[in-house]
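Take a look at the following structure, please.
Chain lettering (A, B, C, D, E and F) follows the sequence in which the chains are written, and residue indices restart at 1 in each chain.
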Amino acid sequence: MENGLTHFDKEGNAVMVDVSGKNVTYRTALATGYIAVGPEIMACVTEGNVKKGDVLGVARVAGIMGVKKTSELIPMCHPLPIQKCAIDYELDQEKNRIHVLCTVKTEGKTGVEMEALTGVQVTLLTIYDMCKAIDKHMVMSEIHLIEKTGGKGGDFRFEEEQ
Amino acid sequence: MENGLTHFDKEGNAVMVDVSGKNVTYRTALATGYIAVGPEIMACVTEGNVKKGDVLGVARVAGIMGVKKTSELIPMCHPLPIQKCAIDYELDQEKNRIHVLCTVKTEGKTGVEMEALTGVQVTLLTIYDMCKAIDKHMVMSEIHLIEKTGGKGGDFRFEEEQ
Amino acid sequence: MENGLTHFDKEGNAVMVDVSGKNVTYRTALATGYIAVGPEIMACVTEGNVKKGDVLGVARVAGIMGVKKTSELIPMCHPLPIQKCAIDYELDQEKNRIHVLCTVKTEGKTGVEMEALTGVQVTLLTIYDMCKAIDKHMVMSEIHLIEKTGGKGGDFRFEEEQ
Amino acid sequence: MENGLTHFDKEGNAVMVDVSGKNVTYRTALATGYIAVGPEIMACVTEGNVKKGDVLGVARVAGIMGVKKTSELIPMCHPLPIQKCAIDYELDQEKNRIHVLCTVKTEGKTGVEMEALTGVQVTLLTIYDMCKAIDKHMVMSEIHLIEKTGGKGGDFRFEEEQ
Amino acid sequence: MENGLTHFDKEGNAVMVDVSGKNVTYRTALATGYIAVGPEIMACVTEGNVKKGDVLGVARVAGIMGVKKTSELIPMCHPLPIQKCAIDYELDQEKNRIHVLCTVKTEGKTGVEMEALTGVQVTLLTIYDMCKAIDKHMVMSEIHLIEKTGGKGGDFRFEEEQ
Amino acid sequence: MENGLTHFDKEGNAVMVDVSGKNVTYRTALATGYIAVGPEIMACVTEGNVKKGDVLGVARVAGIMGVKKTSELIPMCHPLPIQKCAIDYELDQEKNRIHVLCTVKTEGKTGVEMEALTGVQVTLLTIYDMCKAIDKHMVMSEIHLIEKTGGKGGDFRFEEEQ
């Protein structure tokens, strides 16, 4: 397509793109995003790893399972054999933000960017769900790809100023 | 639980909360969020409704189907009989942002906040997927609940200054 | 919508219709369809109930499970608590046709027409799958609703001459 | 099995056939089918691409997502990494029939015939769902494989007279 | 059916039983089962709650999510709106057995016995998966219903000597 | 991890293990387990293959479909392209036990032990479901891996005395 929207054919009809001619290469993707919570929730979540309920542990399991559901959720996404998936957190105690990082690896004909982003979103949603009884003013923001490697398009690294 | 994390029992173990004693009431939720795209993508998406590929139409279908998958994605979420679901868009042509609004209605013992938020996230992810061949510097932000009605907790309206 | 397409709003955007104001009533639907197979397959299927492999039994299980997946498959379909589901067969030995009948019952705010039709389609597809090693010239035809009861729209009975 | 029903073992028990010894080859399948609708629905659907609701666009998304669910729906079907999927339409304005064509590609040890047929069925069911408020006398017919390529069994082309 | 197998009709065909005439009542079910592990695994799992990896926490999430998938897994099972679900553990340090208890509640026309049993099985399978790198000689045993309440059939309590 | 729990990282966080560096090899797994039923159920099931309802046939279909759902059920399980799956039974008429055997084959970077065990569990649960109207005192026991082949870890054979 001239306009760059590869997920449509010449008549503008949505298609699952033909990747059969592409090479199988190792591919990785890393995505991120955060949820801004109030100080009360931040305290609960931080202590959570100890004894009062492991919010981040439950959300991690949800995120990893969400990664495996990516091609069920995103219509034009190809199913891929996920070979690794990890969810990590960075807690910004000052701004009361929980940052989520999702790493995904595969060996395939197309990349795992959508898988990594889906992993971040499902993790964030699960944190929201588990804390919403305290306060519903949580906001999820700055969800984006950090980097990807592999594939004909080459590596990508997110540049803040773009 | 004293600390307000209702999704855990007294020992801190995750549970799907007992809602059997709650009343069945009408419940609605409205959530929002946006994806910041470059000017090139904004142009494609805007024209998309005409002839070059309907990005927003495909993402709307994905979002509605995503709403129905909420309790599969979020571990402690109760399955609910969704009675209405709509995805709307507001295009901010100046800032190149596509705003997504998801409305969900049910009649049940617990609310549809998570459903509305999941609808926003899956819609945003699908827009990302369909435009990522043009530029991967898209960022999804400010995903939050706008309002909910129904249930013992009463109505809720998001206040910006919180 | 003036044009009768209730699954779209005034701007022509797809929506899952609001059924919250509708009454809960008992609802049934019966749908049918057939697969035309060659004589060789017809013989295998007929004997199948005895000792050589129960094609129709496997397809019945698939059809019932398919009914439960209807709202996952059809984007604007409301999830419904299925209360009964049966798959029956009529073998037309002369024309080598296997007729499928799917009955579904629920108590809800919207009908089970799509559930019954989906049950027929998944049953037919499974018969196809299990017999395709013999001959791929099978054709599935005349899949339609026979009747539905319940709901504000009243009962419906398919009339051949329409 | 002597009787050609490869999806059963020697005792007549259903099995997911062992394909581990087969070669990985490129495989394509093309399937078709139509839905006969009344003139009123035909008019709505035809105008749909313009402004009153894009029935065929929504059904295309459903069909592509349905293709990815094939091995979940058909019990003995092997999961396959779908590499391409497209849904096309041909509108027969005279007979008021909407023809659906589904193309699927993979590289694998077994073919994608069932995926292409499932794509046709889910697309047809979605058209039915979105138009059923106008008239429920729609009939889906002549759903069959048109051709397949790849695999040990060689290419196949549907012959009308069979 | 005279023989008591209610999941088949008079001809012996599998059916999803008609529950539409039954009353909606509160229903609970409690099921159990254990996995026998070696002493090394027992030590890992016990310490797991502290710092080395929370096997039981991950398995609890899987079990709760599994409960929600019951009607997708068991062909003739009715979908039910789960209103509560909890997974508890009892560690038998002497015999190196991890006992799983799954409680499920609903308000419906049929019971949640299968949901509670499925919750136990998925929890046990997840423990197995997470410990199998240490030793694959784990055995899952004595998975059964402990009690159920609600429904026309009345309450049930498992008696050891039966 | 020093403690052998490979499904956690150094900080004790659950991860889907990185298998990208492993070789693709043929892999098989065979798992087993039984359900102890009363004599009345045993009689029904045994006659079932004839005319009164094929409990074991339905459960076999459920088990095979369950195998394909393994990576959806078990959080840290990698999705694998199942290449063969069979469910077999051995009826112990004396002890009134139905033994289930599940064989799974794939070609991949990780094994199919969890798939075989999941196949056994879903088959057992389905037998339970279909017979529970007669008596709920059924018990599922001794579910374990019998053997696996392929992969760096080498072959495994379950030894009773362990």
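We take it that a residue touches a chain if its C-beta (ideal position, glycine included) is under 8 Å from a C-beta of that chain, and two chains touch if they have at least 3 such contacts.
Keep in mind that what you see is a predicted model, and the values were worked out from it rather than measured.
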{"item": "Chains touching both subunit B and subunit C", "value": "D, E"}
{"item": "Smallest number of contact steps required from subunit B to reach subunit E", "value": "1"}
{"item": "Distance-maximising chain from subunit D - centres being C-alpha averages", "value": "E"}
{"item": "Repeat of the C-D interface, chosen from B-C, B-E or E-F (over half of contact pairs identical by residue number)", "value": "E-F"}
{"item": "For subunit E placed onto subunit F, the superposition rotation in degrees, Cα atoms, nearest 5", "value": "180"}
{"item": "Mean-CA-position distance for subunit B and subunit A (Å)", "value": "15"}
{"item": "Interchain centroid distance [CA atoms averaged], subunit D/subunit E, Å", "value": "37"}
{"item": "Chain centre separation (subunit C, subunit F; CA means) in Å", "value": "31"}
{"item": "Contacts with two or more other chains, residues of subunit D listed in rising order", "value": "13-14, 54, 57-58, 61-62, 65, 69, 72, 75-76, 79, 81"}
{"item": "Arrangement of touching chains [line / ring / star / complete / other]", "value": "other"}
{"item": "Interchain pairs in contact, sorted by label", "value": "A-B, A-D, A-E, A-F, B-C, B-D, B-E, C-D, C-E, C-F, D-F, E-F"}
{"item": "Sites on subunit B touched by subunit D in the complex", "value": "54, 57-58, 61-62, 65"}
{"item": "In the complex with subunit B, residue positions of subunit E that touch it", "value": "26, 57, 60-61, 64-65, 67-69, 79, 81-88, 105-107"}
{"item": "Subunit B - residues contacting subunit A, complex", "value": "1, 3-8, 12-14, 33, 38, 40, 44, 47-48, 51-55, 58, 61-62, 65-66, 69, 72-77, 113-114, 117-118, 121-122, 124-126, 128-145, 148, 156, 158-159, 162"}
{"item": "Partner subunit A, residues of subunit F touching it in the complex", "value": "9, 13-20, 71-72, 75-76, 78-81, 108-109"}
